[in-house]
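Both of the next two complexes hold chain A, though its partner changes from chain B to chain C.
And then the complex of A and B:
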């Protein structure tokens, strides 16, 4: 019994990690319909930002988020305005551009740091908490709580505020939103900024858990794509629950089957869901079309 | 049908004839260094080549070079097998190197050495581990450093001679869990470990994980349920650190932990802290701190490195690379040319006892051109520093914290 509870806890904690990394990706994917390959690099920049904040200012990585979030928001806006906006008639080129950005960011960090693996430590993320018979790492528990808070906050923002509704309007129908007086380009820019900032937040919270290298972004982003597509493009609840589906699938197949096979099992599940329900579990029909829209 | 060997010999003769007209005495003797200088392995690729350059500098200063010409190391970047082939083409065609030396990763060595054969150049391997590299029987290839078999053998010695003795158990009652990353590197070492341990009568459990995994708690829980006496990890820095962290979080505390190949640098110290790491065994390339009796000149190498680069060596792979380059220079000197057949023959004729080089290696190449006198050492984290503990001749300290408190 303890064993199953352990694996369940593992799956939920892992789901929290995936949900936190995916929420920003989902926003960008769902709203702007851009496959942002550089999203994992924003997570990596968040991690290195936390390291820099600790080295330069002595900040705990959780505190460093206060600096990292605005910085990455600004970076995201700049990336959209300078790189993606000129390419908006060309969805394939946008994809290549984000891939190029991935290479650029990765190699810039490699050049700056020399490629050694670094660690940050947080005074909050030490040790583990006993929840009944199960040991739960404190750092991971914090990530799970953060994922839930962020998802809830984002859902509130999109539903209750005018800006949030504008984002949803653009996601639903760009032309109609424009007719309603929404500045579509500003919505895109801010959405990308928010997506990047959320990735940066994930980076800060994950920094105490991993040895960071310039390549670590890719390790997160591949499962994150699976999460977003499984959960449903543009659905905030979908990305959150998708994270847990992926986390639990990996945990159970990793333990009961073979850790070396867990990614294979995950992608089999992924393919099955896509065949049966292409819009993902919680997405809207039609949300699976990427990029191809008339100029907004 | 021409054999590869004959074709290569013809290509080499043609090239030599073409070059015969030019006066070459004053030109530097260029050797191409194939290693990753960008991407994830850049740190190690750089370190390895820095040590080649150090060896070349030492040779040029002491003897004026090789065969009357200064040795020059030319870098060729290769982060994958495909890039390895391109690097060799560039080094030979554009830069005019007379032979190649490398390589931090086995897959790159594999492809680049085949490309080198097509151009009739030697490929001198100093670091890459996969046993298959020498088992191929490529006529232009020799490995001066240890192979995955040597790492497997040494880790088994660690299990039987170090851990088992201190736990008061004999081989038949030892229970070991082997956790390895699932690419060729980790799998080849784990296969060697499993085979040798089972031959000794040890009970072996084995688990594989991806070195890119976001989470390895499942691997830790599986190992935990086997309740092993010794947990042996073979992987890269990222996943090894993650496994150790997960073990700590999950309360998995086997009596002994051994990390093979990595886990011996500041990267792991920063991630886990000196207290947790105390007593963790490490199977790695001989380090600069090994005793002078075992590795004569190891202290001088450390001083040389610090003087040239202003800091401590980044990883122990460096000293093995340095010694490998020295062995290559000796082979070329003995051969009197850089023709690959002559160099291989000269290397085969080398017979230097163990303890001849800074790393404690000797030089005696098998029929498959694997140096049979190159072995890793076992070290241990002690008080935040890595100290060699085995073989006793190499040791700079006694074994501590075994079984782990």
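And then the complex of A and C:
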């Protein structure tokens, strides 16, 4: 029994990590349907940002977020405006361009750091908490709580604020949103910036948990797409649950089958869901077609 | 292609089709022969320079695989990022047949192609329900699955250590001392891929693939079995890619999962070579490979030594700029020069008919 509880806890904590890493992609790909393969690199930049803030200013990695959020917001806006705006309505070219961006960022960081692995420490992330019979690492628990808070915040933002409504309107029908007085390009740019900032936040919170290498982003990007698509495109809560589905799948298949096969199982499940329910587990029917086939 | 040709047509119609195919080849043959002769002359010019011949051999190999990708990616509009799966299957099949059955690599090419084509048809059958970015993401996920499986089933793949082919020189063993032989081998492979691309482009399958690419719904309404056309295109593309993987194995004589599945080494690279050269055009992917592979080696030598990673960062920048400013690739840009700007501006970048 304790064994199952331990795997369950492991899966849920892993799910928290995936949910947090995916929350930015959820906005960028799930809601506004811009394909961004460089999202994992934004997470990686957040991690290195936390490292830089600690080395240069002595900031705790969690405190580093106050610098990293605006920096990645600005980077996201610039990336959208310079690279993705000209490729609007051409998802395949977006894939190629953001793959190029992925290579550029990953290898620029590699060149800057010389490929050495780094780690940062936070006094908050050490130790563990006992939840019944299960010991839970504090750092991972913080990630789980943050994922929940950020998802709730994003859902509130999209549903309750004028700008959030504008984002959804643009995703549903660009032309109609424009006629209603929404500045479409500004909405896209700001949404992309927020998505990048959320990835940077994830990077800060994950920095104490992982040893950093420039290649770490690529480990996040495919699971993140799996999370967003599994949960349901355009459904913020769905992507949050998608994170836990991915985390639990990985934990249970890693324990009961073989750790070497956990990714195989995960991505087979992903492909099967993608084929059987392209709109995702919690998405509306036809959600996979929204926003990708419009021109202008 | 065969799948398509097996249908009860009356005698005269069949004769007309054969005559048309022969006419096509007569039209295309001079250009193909000219291109191959130029490449042969280029190879000869570097005789004795092992470093240059290695780069040329790699460029020819990836030019061939990018041309194979183009059959389904360019003509069919199905942007697979998972061709490394078929590449790896071809390499592993050949390695096993050579190591455990003592077969000549030349003979192993046939089962390697067959395995890649069969696997492609099997895994693509469900995935072809997806469109655009979802298809691309699913093919990436497929690569991850195969990477895990290849590491896990180490009896067939040698696991993380990989498989190596012992050095036994000889034509029958496809192992040579001089690099010229490898360059010529890969040039032969490129020639086969180009020929296959030309034949498919002008065949009934080629027209159907383009119809599916341009408008799937309209193609279906016109009576085209969309899934079958896509599967046939994918099988041809994968078979050639599997042969490419087998030749890659014989060139480097050692394969391991990271080399085969690393995104920038095979799966994404062949797609981006085609993009840079010109998606859907016959000679575009080859041009892309002939430019990018030497550029890559040069950058690695010039920049990678000083600052590791700078060469790949530069390549990333090239990719971004290509996607932004050269959407129809080098061939598309060259064509645009000869044509009034208003005609050159087409809404669909990949919608250009291949010639």
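Note that the second predicted complex is superposed on the first by the 286 of 296 C-alpha atoms of A that agree within 3 Å, B and C clash if a C-alpha of one lies under 4 Å from a C-alpha of the other, contacts with A are read in each partner's own complex, and residues count from 1 in each chain.
The criterion applied here is as follows: a residue touches a chain if its C-beta (ideal position, glycine included) is under 8 Å from a C-beta of that chain, and two chains touch if they have at least 3 such contacts.
What you see is a predicted model, and the numbers here were worked out from it, not measured in a lab.
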Superposed partners chain B and chain C on chain A - clash or fit: clash
Touched partner set for A:214, first chain B, second chain C, both or neither: both
Which superposed partner A:100 touches (first chain B, second chain C, both, neither): second
First (chain B), second (chain C), both or neither touched by A:86: second
Winner by number of chain A residues touched, once chain B and chain C are compared: C
Which of chain B and chain C A:157 touches, first, second, both or neither: neither
First, second, both or neither for A:110, with chain B first and chain C second: both
A:274 touches, of chain B and chain C: first, second, both or neither? second
Which of chain B and chain C A:258 touches, first, second, both or neither: both
Which superposed partner A:35 touches (first chain B, second chain C, both, neither): second
Intersection of the chain A residues that touch chain B with those that touch chain C: 107, 110, 114-115, 214, 218, 258, 260, 262-263
Chain A residues touching chain B - in the complex, by the definition given at the top: 3, 6-7, 10, 14, 17-18, 107, 110, 114-119, 127-128, 135, 137, 140, 209-211, 213-216, 218-220, 223, 250-251, 254-255, 258-260, 262-263
Residues of chain B that touch chain A when the two form their complex: 38-43, 46, 182, 207-210, 212-219, 221-222, 225, 237-238, 241-242, 245, 249-251, 265-268, 270-271, 314
Contact set on chain A toward chain C in their complex: 35, 83, 86-87, 90-97, 99-111, 114-115, 214, 218, 222, 225-226, 229, 258, 260-264, 267-268, 270-272, 274-275, 278, 288, 292, 295
Chain A-facing residues of chain C, complex: 79, 81, 126-127, 129-130, 132-134, 136-138, 140-142, 144-145, 147-149, 151-152, 263-264, 268, 271-272, 275, 307-313, 315-324, 327, 347, 349-350
